[in-house]
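First up is the structure itself, then whatever we jot down about it.
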Amino acid sequence: MGSGIARNLIGAGHELTLYNRDSIKAHALAMAKPAVVAITPAHAVEHCEAVFTMLSDDAAVKEVVLGDYGIAEGLPAGAAHISISTISVATAKLLAEEHACRNQQYISAPVFGRPDAAENGKLLVVTAGPAAVIEKFRPIFGVIGRHTYSAGEQPWQANLIKLCGNFMIASMMETFGETFATMRKAGVDHHLFHEIISELFASPIYKGYGAAIANETFEPAGFALKLGLKDVRLALEAAFDVESPMPFASLLRDHFTSAMAHGQDQLDWSSVAMVPARMAGLAPKSDHK
Amino acid sequence: MGSGIARNLIGAGHELTLYNRDSIKAHALAMAKPAVVAITPAHAVEHCEAVFTMLSDDAAVKEVVLGDYGIAEGLPAGAAHISISTISVATAKLLAEEHACRNQQYISAPVFGRPDAAENGKLLVVTAGPAAVIEKFRPIFGVIGRHTYSAGEQPWQANLIKLCGNFMIASMMETFGETFATMRKAGVDHHLFHEIISELFASPIYKGYGAAIANETFEPAGFALKLGLKDVRLALEAAFDVESPMPFASLLRDHFTSAMAHGQDQLDWSSVAMVPARMAGLAPKSDHK
Amino acid sequence: MGSGIARNLIGAGHELTLYNRDSIKAHALAMAKPAVVAITPAHAVEHCEAVFTMLSDDAAVKEVVLGDYGIAEGLPAGAAHISISTISVATAKLLAEEHACRNQQYISAPVFGRPDAAENGKLLVVTAGPAAVIEKFRPIFGVIGRHTYSAGEQPWQANLIKLCGNFMIASMMETFGETFATMRKAGVDHHLFHEIISELFASPIYKGYGAAIANETFEPAGFALKLGLKDVRLALEAAFDVESPMPFASLLRDHFTSAMAHGQDQLDWSSVAMVPARMAGLAPKSDHK
Amino acid sequence: MGSGIARNLIGAGHELTLYNRDSIKAHALAMAKPAVVAITPAHAVEHCEAVFTMLSDDAAVKEVVLGDYGIAEGLPAGAAHISISTISVATAKLLAEEHACRNQQYISAPVFGRPDAAENGKLLVVTAGPAAVIEKFRPIFGVIGRHTYSAGEQPWQANLIKLCGNFMIASMMETFGETFATMRKAGVDHHLFHEIISELFASPIYKGYGAAIANETFEPAGFALKLGLKDVRLALEAAFDVESPMPFASLLRDHFTSAMAHGQDQLDWSSVAMVPARMAGLAPKSDHK
């Protein structure tokens, strides 16, 4: 995701300094496009107006921002950290506080969309944070996405929206898993069912994920199952903190956990649909390996 | 739904004889359009090539088809009963047998779409039954719907698809209920969340039902909650018969039951989303009445 | 169960006429004890004061009571049918009506206890029906059980209690299944856990079923899994009829269904505990066969 | 709980130094019995052979043990910290490491039993840690409990057993909640049902908690609902870490969360049974306040 976004920003004429925890990736990108590679996060940000972070989980973000030679150390006063990663509400609150202490700006701007949407600048960008800061960087959001939303003055508000959105996608996957299992056992063509449902919902998301699940095409992973599980858990944590039960999310958490127990951590998250299939006594393709 | 379909068939030049359990409705439709009203189902079908039934549940279908002066009594040998109602797999199997005994044809042809889609001939028609019979009536399906699918030689196959489709819609409603409750308690604008999700899924179904749930506009009911509950139960029964667990469907059954216990039987089925709201301690509008 | 009860009644000096759908069993019992074997249910009851039925499910009870040459045909006016079987609330209501039409008495008297408790007259007998009839037969209940409870004037009230009781036992099994799976994966001795839990609850039911589950000793079945599933479904149906959601029962229904899909129908119902084990990626002993 | 345990230890002739975060409580106990009160945890333990901690949650334990002037600072090398609190597996692992660094011993010894069992030395003590250390203090465990179990060499093993045990008790509460709601709506005496179930399981735990739930006697709390929720969450976390789904526990977490949202945090944890009652449209007593 990150490299697609970076390419779009460079393409729009912005000067980028790159940092990747795996430095090879940063170099590869830099060679293809005129960009500078930094040795540490602190070096990367020392003269910038804004730094974007796109990392896999809360721990990575905390390390890169608050660790030694981290962003918080190097970022000039007044400059902004724009966090695109899907992280927890709690970490977003922590980052907001830490940056405020240093007179730095912080915005959460998680995105919806698969890697190809990132490549094509077609992401949905959900921002939250001080309105003036969001306005300042609105043109940049326009480069990476097709829509920019403002969810409020508190950065974590955007993160909650992102987590709940991912929960809704994961729920859809489970419903495909349950109905496909029933179709297959009953003797109804589940591919036809998928075709009908795609027409009914008229949604590319139903069409795309439904096809992957119908065909059990879970590799290569667009989004790894272990990251999907992380997001369902973070949604549940955020809901828990405001005393809101989410029974579907709890069930999903169990099914994602079962998927982990069956070695699916690196498969696409849509493979959670294999769990109801196994419960119905159907052996998924990958169990034959 | 039935009157919209009937109007389209009349409009396409077909001769219709109408029968409604509430005869006033049949007369009202007949006055507006040139059609005949019959006193009993048996009379309605005695000279026809095909009879369409559109009724609220299994019991109504059984009474109208197999009861005294029912369709099975009057339908000529060789003519076809085309059942558009959302009924159980078990009842579809029963009807297929009963009609076969009498040398009558039977097709299941349940439809997806709200009343306005019926009015405009934009339904999705899922047929199943003998291929020759489906082919014969394909032009008629083209009048009432924008797509006709053939799910197989066994009529119940279409019913299973319809029930599982409704389960998927109901699941979507629950996910709106859970996320909206969390948003409202956390202090995030759930209308904005709905806007983002509608863009993300790009689905009119997400947009329409999500708006109804966000605004708690559950009257007038497009589809009554008690009928939605019926469909979830029938999906579960069909899945049970092939030993396929459907945990989301089970949870939905509980939530629809809770909605019934709170007097929501005549509200729109999307009001099932009020159940997670109540669990989170939020009082829905209608609880203030 | 039935033969244990019969032996106790004969032992207490009652004259019995036996009928079993599998006539060999009735003969075997009759040879061991002075009792008469009848050819049909109607013959069995034609001179009796009371008939006890102990059958596996609703269909069997309906056939034996209301079928040709059934109990309802032969039972003298004023005599009583005492149904010990675990049947649905709906069937209990039907039987009460059918017997009332014929001036026959009907009592539900389902029992709690395993076959050895039946053999030793240690069952718990839950009766419901007209108080005078229950009083009349109280001495007989005293022969087959260690406690007799009266749940009310409506026979179905006893059936609801029995179904809910079995739901509670099944829930306990699931909790063993979930905790044992966690213990085994974490590396804690689940046999020790069972020992502690048995001491904590101080319940022979926890001790007995817990040991069976810990050792995966599911054969021979004290009570077949498919009958346990039947009871959970009947409890859910009864709860549904009064609009009371039972989320644990719904989950159990799914897990029992998954167990059926894995061929466990004839194993003891405590083998439902294998479902969470499989979800956790643990292969139960029987899956190695 | 702590004071009951302390009184028993003093009664058995042990010399105690007391520390309570609320110092008044420590003084009150010290006045009644010959014991010393310390100003800080570090002071309390500076000359001891062993220190017992009994605190409400992980945060409290971490603060008292690892905070400034905490136990870890004052405890002599070779002396032992015996943690009786119900804490997470993760915190138990942390404490074991921290004490090991300081050449201190650490044992987990959580207990099962209500405050009156603590008072009477009738607790069940589940220990885990180095066998030699457990053996050394076995006489002391004999003073506070009626049984001492050894769950293994790793202290966290005892904590997992305690958490899973509490999950089983909480599950039982839910089953009472679901069945009582159904009984009440159907018109069956739920007090009678409780009596029968108590006899069936023959368990004081079913009898005691069932009575509290039947009568809705949730104050004063023997164990606060918010602590019960904490334990269910810790059980789920521990299970998650070994990739073991616990669907009943997930559902309980949702119901405890719903109870929190309805202001039940300080009621007894058995009041979780009010959640299914509310779902069934029954207003609990306390909702009328």
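Per-chain numbering from 1; labels A, B, C and D assigned in written order.
Throughout what follows, contacts are C-beta pairs under 8 Å (C-beta built on N, C-alpha and C of every residue); 3 or more make two chains touch, one makes a residue touch a chain.
This one's a predicted model, so the numbers in the text were calculated from it and none came from an experiment.
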Reference subunit B; chain at largest CA-centroid distance: D
Copy pair subunit A, subunit C: interface residue numbering same or different (half cut): same
Between subunit C and subunit D, centroid-to-centroid distance (C-alpha), Å: 36
Rounded Å distance, subunit B centre to subunit D centre (Cα mean): 51
Two or more partner chains touched - positions in subunit A: 185, 239, 243-247, 251, 254-255, 258, 261, 279-281
Complex contacts: residues of subunit A adjacent to subunit D: 239-240, 243-247, 250-251, 253-255, 257-258, 260-261
Of all residues in subunit A, those that touch subunit B in their complex: 89, 112, 124, 126, 147, 149, 151-152, 157, 160-161, 164-165, 167-168, 171-172, 174-176, 178-179, 181-183, 185-189, 192-193, 195-197, 199-206, 235, 238-239, 241-249, 251, 255, 276, 279-281
Of subunit D, residues touching subunit B in the complex: 185, 247, 254, 258, 261-263, 275, 278-281
